[in-house]
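For reference, the structures are reproduced in the following blocks.
Okay, so subunit A shows up in both of these, paired with subunit B first and subunit C after.
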Partner chain A sequence: MTGPGRPGPAVIADELRQVLAAATGRPELAALTLDTPLFGGGVGLDSLTGTLLLRQIRQRFGVDVAAEDLNLDALTTLGTLTTFVCDRVVPDQVVSDRAVYRGS
Partner chain B sequence: MLPVPPAGCADVWWLDIGTVTVGRPELAELSLEEHKRAASFAFRSDRRRYTAAHVMLRRVLSGYVDIPPSSLIFRREPCPRCGKPNGRPALPFGYGLHFSLAHSGDAVCIAVAGQQVGVDVEQQPTGCVCALSADMNAADAEWGRPLDEAARHDLVIRWWVRAEAVLKCSGEGIGHGIGAFPVLGSPDGPVGPAVPGGPDRLVAATEAHGCSLISLPAPDGYQAALALAGSVSGVRLAVRAPWSAAGARRPSHDSVR
Partner chain C sequence: MSTAVLVKCVVWDLDNTLLRGTYLESLPDRPPADPAISGLLAELGRRGIVHAIASRNPPEAAEYAAQATGCEFVAAECGWGRKSEALARIAAGLDISVDALAFVDDDPYERAEVGAALPGVRVLSPEDAAEAVGWPEFSPAVVTEEARRRAGLYRQRHRRQQAEQAFTGSHEDFLRACQTEVTIAAASPADVPRLHELSERTSQFNSAGQGLPAESIAALLGAPATDVLTVRLRDRFADDGLVGACVIDWRQDRVAAVPLLMMSCRAIGRGVIDSLLTWLAGRAARRGAAAVQVPCPVSERSVPLRLALARAGFRAIADQAARPGRTVFRCDLGTPQPALPDWVTVPGEA
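== the complex of A and B ==
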């Protein structure tokens, strides 16, 4: 669901791709499709990059995935993660400075 | 056949997957489940790392139990915290052999011991990892406060590999809390000379969460740690395949090609 000032799914997905590429140091993830699994195959995220991804999502969008989704089902694919973040993101908490997760 | 390391000892095998290719003979050693897992990776580099690591694991363990690599059967122990079947991977009961596998970037590290063992290796990320400070044990996080950013990044990854090695040794998933116990603080390192014909050296260990923990010498750009179950003042460490020669050394079999 989108609303005034609330970023839509396409924007969130693109932001998540950038977060993934930065967290893993793998620029190819900036072109990841929505149906690609993130763990257990697919992108092959490990525990370090997975944890870093969760922390940076919290910094960037103010969404604590681990606290709200104990089974981490939201991390199944980029698409499920996008939906999860999109439904919970608070516009005022979106960090506009991408340097937060670009590490620069 | 290689002897199972005695109590307080661990064998470590390194493999640089940048030096090897995996062909049909090697792929034939993997199980159906491993083939399915390999096929599920979206990127060739991940598939290659996974297959090389698991061929190497089978070949290393084969040298200790005298069973062909393709005939080894793995099981999964229950998590000691929640009982779910996602604990440590293990061989069937009766071998008295424990192992741990870690891979990151081009590095594969396999630890073998006669007691529960955990190993982790991580390639130093290119981006900022300061966000992980929030997951650190409070005592460990304090060590990073006076450091500049580059040194803090090194410390965060050093913390991570040490904490994950402990959790892989105990069999607990990181979902139960990777920052629940401190793993930094007490410096550990070599405290004795190499033992001729035996383990390379005695490394002073730090006690952490019921384990004896050491940082492993790792390739440039990587950090690694090893944990043995129980409390010992030092871990006798034998590097059976060093990084520089790992692509060409294996027990009793041809190198991974």
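== the complex of A and C ==
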């Protein structure tokens, strides 16, 4: 459901691309397609980049993926992650500026 | 298992804490280092505890403090923001939990601010710090070769991170360019002190979720149907030594049970945990097992380990025997098994 103040899937997917590119230090990921596997060859998400990604998602969308998804299936592809975040995002939580990385 | 969480890094204020006086107000002279505190820095350093600076001064004050105290600082946050935020950045930069930090400042306001924002940090006045060397949080049971070299390893880690930022190419290509070498080998009795230390220090990558006494580790080395494996890591920047380990229990039929899987936070992002999980699957398959099972705590702290398990194809299963707050993750072994990266060597295996 997209309404005023609630970002739609396209906006969230774009934000996630930016976060992935920043977490991995690979700007080319800003053009990632929705069906690209995140763990496999395409993105190569690992413990370090995955932790940064999940932390940024919590800060920017207020969604705690690890707390809600035991098997982390949301991280299968960019598309599954977008759907997961889109279904749970709290509009007030969205931070449009680059969130400052502050650790835990 | 010891109950006190070990302090891994002490964050020091400069003015009237490390230094006898106020840096900016003393210019052009500079205040001398407090000799008692300098001695404390050296003593904690010998125990494998590293030091950092959080100061309301320009960055050159931190460089001066390093000269004046003769101590190496693994991070310096100089600025006028909140010290709690400086501490959070220091912990994130070292990949350690803020709960593994202690903070020493003569200013009660700064101590209160950090204490309120980060309740897990041990907050001390300079007078407290002198006594704290006797506290269990500052007294690791064993101090290993890895511990003594820790400050240097953090410095080399920083150089590696800078090299990676400048590197264009995949992360795997970067690991190769660094001449990364991961060595997996059976543990020997000489490894027991370091394995014990690792089990006490690891929090994000410790599937047992707690430390293991040295005697228990020594007993596992000779236990029937049990393998204890060590993982060592080196590259062209540094020899990190023993950074990971796992215990495999072969007593169940066709299941390789892994009651302990652990890795130093310093080795995160360097292909170690993924190599170990790949090797585990291959080893289990060769011994005729159909699955590998790793019980793991489910908490915010274990997210990096859960990411590694998910990446390696593990899934949570219902297991009545699992303790509360823990879930058993299982990887069914298909064929063919994924190949080990070329930087992994396993002496004793063809």
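Everything that follows uses one rule, which is that the second predicted complex is superposed on the first by the 97 of 104 C-alpha atoms of A that agree within 3 Å, B and C clash if a C-alpha of one lies under 4 Å from a C-alpha of the other, contacts with A are read in each partner's own complex, and residues count from 1 in each chain.
Basically, a contact is a pair of C-beta atoms (placed from the backbone, for glycine too) under 8 Å apart; a residue touches a chain by one contact, two chains touch by 3 or more.
This is a predicted model, so every value here is computed, not measured.
> Clash or fit: subunit B against subunit C, after overlaying the two structures on subunit A?
Subunit B and subunit C clash in the superposed model.
> So, does A:G42 touch the first partner subunit B, the second partner subunit C, both, or neither?
First partner only, subunit B.
> Would you check which partner chain A:I12 touches, where first means subunit B only, second means subunit C only, and both and neither mean what they say?
Neither partner.
> Output check: A:A67 vs subunit B and subunit C. Expected answer is one of first, second, both, neither. What do you get?
After superposing on A, A:A67 lies in contact with subunit C but is clear of subunit B.
> One more residue to check, A:Q59. First (subunit B), second (subunit C), both or neither?
The answer is first: A:Q59 touches subunit B but not subunit C.
> Touching A:C86 in the superposition: subunit B (first), subunit C (second), both, neither?
neither
> Once the shared chain is lined up, is A:A22 touching subunit B (first), subunit C (second), both, or neither of them?
After superposition on chain A, A:A22 lies in contact with subunit B alone.
> Examine A:L78 and indicate which partner it touches, taking first as subunit B and second as subunit C; both and neither are also allowed.
In the superposed model, A:L78 contacts neither subunit B nor subunit C.
> Which subunit A residues lie in the overlap of the subunit B contact set and the subunit C contact set?
On subunit A, the overlap between the subunit B and subunit C contacts is residues 24-25, 44, 46-49, 51, 72, 101-104.
> Within their complex, state which residues of subunit B touch subunit A.
So the residues of subunit B touching subunit A come out as 37, 39-43, 46, 49-50, 104, 122, 125-129, 131-132, 134-135, 160, 164, 174-175, 178.
> Which residues, counting only subunit A, touch subunit B once they are in their complex?
22-25, 28, 36-37, 40-44, 46-49, 51-52, 55-56, 58-59, 72, 101-104
> What part of subunit A is in contact with subunit C in the complex they form?
It comes out as residues 24-26, 39, 44-51, 54, 66-67, 70-72, 75, 101-104.
> Going by the contact rule set out above, which residues of subunit C touch subunit A in the complex?
That would be residues 85, 88-89, 91-93, 95, 97-98, 164-165, 170-172, 205, 268-269, 271, 273-274, 298, 300, 303-308, 310-311, 315-316, 327 of subunit C.
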